[in-house]
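You will see chain A twice below: alongside chain B first, and alongside chain C after that.
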Partner chain A sequence: MRRCLLALLQCLVVLVAVFVVGTRLPGDTADVLRGELGTPEQVEALRARLGLDEPAPARFAHWLGRLFTGDLGTSLTTGVPVGDDLGRRAGVTLALGVPALLLVTVLAPLVGTVSGLREGSRPDRALNAAALVLHSVPEFVLGLLLVASLSLWAGLLPATAVGMEPGDLLARPAVLVLPVTVLTARHLCDLARQVRAGVAAQRHGAVAEHLRLLGLRERTVVLRHVLPGALGAAAQQYARCVEGLLGGAVLVEALFGLRGLGDGFVEAVQNRDLPLVQTYALLFAGTAVAVNLVADLVAHRLAPRRELTA
Partner chain B sequence: MLAAGGALALGGAGLLTGCGGDTRDGGGGDRFRAAFTSGGSQETLDPHVAPNFVDQARAKALYDTLGTYADDMSVRPRLARSWESDASGTRWRVLLREASWHDGKPVTAKDVLHSYRRAADPETGSPSQVLLSAIDFDASRADGARSVVLVLKAPNFAFPTVFAGPGTEIVPDGTTDFRKPVGSGPFTYVSFTPGGTARYRRWADHWDGAPHVAELEIVPANEESARLNALLSGQVHYAADMAGASVERLRQDGATRLLTAERATAQQLLLRTGRAPFDDPRLIRAVRLGIDREALVRIALAGHGEPGDDLFGLGLHGYPEGLAPEERDVDEARRLVREAGADGLRFTVETSSVDAAWEPAADLMARQLAEVGLRMSVNTRASSTYFSEIRTKGVAAFNTTSTLPVSDFLQQRVRGGAARNQTQYASGRFDALLDRARTTRDERERLGLLARAQRLARAESGLLVWAFSDANDAVARSVRGLRAAPPNSRDWARFDRVRVG
Partner chain C sequence: MSAPDGPYAPPRARRPRLPWAALVLLGVPVLLAVLGPLLYGGDLAPADGALPSRPPGGQHPLGTDVLGRDVLGLVLRGGASVVGGAVAALAVGMAVGVPLGLLAAGPSRRLDEVVMRTSDVLLAFPGLLVLMTLAATGHRAWGWPVAVAGLLQVPAVARLVRGAALAPGARTVVEALRMQGHGWAYVQLRHLVRESAGPLATDAAGRFTTVLYLLASANFLGLGLPASSPDWAVLVERNRDALFLQPAAVLVPAGLLTALCVGGNLLVDRALARGRGLM
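And now, the complex of A and B:
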């Protein structure tokens, strides 16, 4: 319960911080919308129409007040309810995020455990090599390399999702293969290595030795002690991995011309569209906080003997 | 690495027909797809609010303007058949050609009056609002179905430039809602989501002849690499706004063609003459002499451009002839700096990532100006609010302007007190020359006055055009009917003459 209150407080702190930073950004929505060709007169007219002449704290209080009634407000740039924009984009990001999460959730523990149990084996060395490469190649470059080789040269997969409606994505899942690969590759390796390290440490640890001396079979030692310990420790890395996927969405969506939440967030910041920016911040922060909360609980459940700090 | 990718792309292009999905369907050539940087979810199909190039491309598909710009930014008739003024240059009679809206109704003088009145309202947000506000709408009237009399508040013989201005499209009388727009342009509306795809269908009854393609799609792709990859893989036929490494790559690619509009963008350094230190004309002259334009073009523009001579509009109608080129003179510049008592003077130039050339240009200029005794530092600002910030902040800033009529440029950016005059140049002599040009009926005489005004502005205004850079769009090899044309001109992003396959 205390942990949940703390989580709510964290979200509120993020919102206030985002709002303060948002108002400190140069210019406002009226400046952006009228752009280079706008005259001061036109910008003033728009500013008044958008209610941007109100003081900033009042606007924030207004927005927050309505938030508690479930009203996310309307976008300054489009005048449409914020929820509509989010709803349209969430589908695209989920189409990327769900396969990415599934991949990470299933493959990382599998690869990590195999490597950890057989240190120095071929899969283990392959994992280490892949992790090294993926850490030295920025995601952006990885994306361009994959597009150049698999799409432009080999013609195996679509190069971008340019011109596709959100609904088309699921009808033609081939479009998602490259974005999901770029999004997950590094996190998958990181998490697998974390699991591997945990498995190796647990396997050679004093407790495991003790259990073996008690005459337990190796299989039992691994399943009952090594794996829970290793996965418990990896749960927090998993939470960070989810945060990483949210952040990675910004880049991957731009690279492949997808119009999801990452793209929407960048656009909202560029437009100085604070109601929209705050809603995105709430969504991202809320997800991160919730995932961390769950991770803590899981870690605690898998390795209750350990003192875990949030 | 990108270059290697380009070579790879050559081999792959032939294989892509299998996976491109709907891009090659309809027997080839039925649907033309063009990728642009999008304005995001605030976009509308309101042609009078056209802040970005993509808005112009969409407006061009759906609507017509009374006039249109040739490559040199002189005005040609379009929806108007002809125009003429009275002897004073205050009353302009515009005759419309026979044209109809997509719903079959005829285009009339009332539509023109409604459109111009709407775009002249500051609330609407048209880029041509200032020019249109010269019209006295109470005195202007329709004179028959296809004849309109526009009365100006002051004489202006250069007024027809507004007929082709961005954000002056003719919409049906009374239109204020653009969710299901009805235009008179070569394509009819099918669907549109803000920040998303705009779909159009060929309109067979267009007065200028029906488009060759059955469908037009304008799709968003904000990241340059996404536009490039979409073009290289055959997902789109046209990719707008290619720069730097993408241009190099496209040059080596056999399946695409670059459309390079030379001198399309005037690269400017703005020195604020209204503030210290550049209220001292010697320092403006010192900067003009101190920068090495050849080196800037070679390095900051990677050779894709040519040096400027501190005036906008090289190659355009109204650019003065016989201008002596600006040449670097370090000794003279240093002498001027010393004479102004400004040796070692520090100042900051504002820049941003709006144009990829600015930051390298700023670094290089800082080194060049150090040689004449000026210490310039660089301040990089956020791109989406850059232009509104530099309106009030700083003493020096980078800027670019795409091609537009020379007289409009001078009116809007150099005249004293003009809303977009960012150097705060205010010269009674310059303004008087512009006024005389506006009230001069004979074109040669008018251009002579404009040339005198420009020579004055070149020396004094603080608006330094250090180079002209190229603008690049790219098309698939299979596309015919598109040529390189300067932005804002009739043939730029003109998709009604396009053929595919």
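And now, the complex of A and C:
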């Protein structure tokens, strides 16, 4: 219950912050639209028409009202309604994020558990070292190296997806292989290491020891106790990863020329297109808040001892 | 005496060895970043008649970049902003986070609630997106991304310090110190800070790579330093189209960045494994 209140509060903070960022700029939308060409009277008239002469709290209420009715405004540079732009880009981001998410969800607990149950063995040490290195290599470096070696040098996979629509992407999955790999690598390694540490710690914990003394089989101990405990601890990390994958993999999209949400955000930032920036910021922060809420609830369910305010 | 053996024996503590690989990986980029600017005092602007993207040789031991600048000089000068930015951001995070954590662990429960709830609210925001929103609103001078990257670390640092100061053992010692007549400042600043120094140091090393990664990503996306800066991440971005023409201009800065991150994480991992083994 308190956790849900916190999430609501977070949403409110995001809304206010996004609005303040929008209003605190030197110059407002009217100045930007008219540029240097308009006379002061014209700018003033436009300002009145857009409702920019109202006091800030009134405008905030106004903006919030339109937000809830689904009117996100129009882009300053293209004049396209923000909603349309978002819809087109969300397809690309999903085509990228969903496979990556599936890979991480399946592989991370698997690798982490296998590794954690054999802590200190040779395969474990090798896996752990590989995960550590892959996790540490910056995404843009990994992407560059993969493109250079696999696509430009060996010619195995396409290097970019410049100018492709979501439909084309699904028709030619080869284009997605490299972006998804780069996107998956970091999160997968991060999560697998977390699960491994959790499994290794739980396996030698007092509770597991006690269950063994009670005569439970090792398999039961691992499946019913060790694994839930380790996954509960990793749920937070998983939330970060979901939010990173779905909330626009900014770097990967920039690297491969994919026109997804992250790329849209960068473009909006570069054009200083505030209605767009506000919407993107709201979307990403909203996703983050929602995913974190779910993660906390799941973590609580899997490992009830871990208090929220630990 | 032989250690207990069998299937449930605790993992054996390995002999402490100096982590040479990690130290070298971390040391080379840091040394370059610190000493580089002293070694190369010259002008970075391309010399007259210098050709862009020339392979190594002649006057330029590592060749030239897309603008015809000497890659060796750029690399020597570019580390300062990478390492300096990360250290500065970390300092900001610590300077705000440690007092907040101590405050939260103090006697006032209401203060604790306020500090912790506020940091909960901030914890959910993805760093890169905050940096991008800042860039969109014109805050793109060097100080802004660094300060924000630092402030983003505050909730985690405050949480850690609060946890260490509230640990049952620490509480007892605090009571004892207070009964001996030591003042608030002595207890807070001498005892509790020392108490949390260990976990804080490990966390700081991990956080260093996080911040480094964040700032490098922002610079790579062109959201931080100007495009003419010799920063390693900016160099990688500028020269990536000429990767095959002049590999050194991309691979050297990229390798240094990677070495820094890998080395830092290796050290942290070791420290954490040690901590687990000792417990």
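We take it that the second predicted complex is superposed on the first by the 251 of 310 C-alpha atoms of A that agree within 3 Å, B and C clash if a C-alpha of one lies under 4 Å from a C-alpha of the other, contacts with A are read in each partner's own complex, and residues count from 1 in each chain.
Convention: a contact is a pair of C-beta atoms (placed from the backbone, for glycine too) under 8 Å apart; a residue touches a chain by one contact, two chains touch by 3 or more.
Note that the coordinates shown come from a computational prediction; the quantities given were computed from them, not determined experimentally.
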>> Looking at A:144, would you say it contacts chain B, chain C, both, or neither? Reply first, second, both or neither.
In response: both
>> One more residue to check, A:60. First (chain B), second (chain C), both or neither?
In response: neither
> Once the shared chain is lined up, is A:152 touching chain B (first), chain C (second), both, or neither of them?
Replying inline: both
> Can A:292 be said to touch chain B (first), chain C (second), both, or neither?
Replying inline: second
>> Tell me the contact category for A:244 with respect to chain B and chain C: first, second, both or neither.
In response: second
>> Quick one: is A:174 in contact with chain B, with chain C, with both, or with neither? Answer first, second, both or neither.
In response: first
> First (chain B), second (chain C), both or neither: which does A:19 touch?
Replying inline: neither
> In the superposed arrangement, which partner chain does A:254 touch: chain B (first), chain C (second), both, or neither?
Replying inline: both
>> Quick check on my understanding: which residues of chain A belong to both its chain B contact set and its chain C contact set?
In response: 25-26, 141, 144-145, 148, 152, 254, 270, 272
> How about chain B: which of its residues touch chain A in the complex?
Replying inline: 1-2, 4-5, 8-9, 11-13, 15-16, 18-21, 33, 35, 40-42, 51-52, 122-123, 125, 127, 129-130, 166, 194-197, 217, 219-223, 225-227, 229-230, 232-233, 235-236, 381-385, 387-389, 391, 419-420
>> Taking the touch rule as given, give the residues of chain A at its contact with chain C in the complex, in rising order.
In response: 6, 9-10, 13-14, 18, 21, 24-26, 119-120, 132-133, 135-141, 144-145, 148, 152, 200-201, 204, 209, 212, 243-244, 247-248, 250-251, 254, 265-266, 268-270, 272, 274, 277, 280-281, 284-285, 288-289, 292, 309-310
> Residues of chain C touching chain A in their complex?
Replying inline: 8, 10-12, 116-117, 120-121, 123-126, 128-129, 132-133, 135-138, 163, 209, 213, 216-217, 220-223, 233, 236-237, 240, 243-244, 250, 254, 257-258, 261-262, 264-266, 269, 276
> Where on chain A is chain B touching in the complex?
Replying inline: 25-28, 31-43, 45-46, 49, 75, 77-78, 80, 85, 141, 144-145, 147-149, 151-160, 162-163, 165, 172, 174, 254-257, 259, 263-264, 267, 270-272
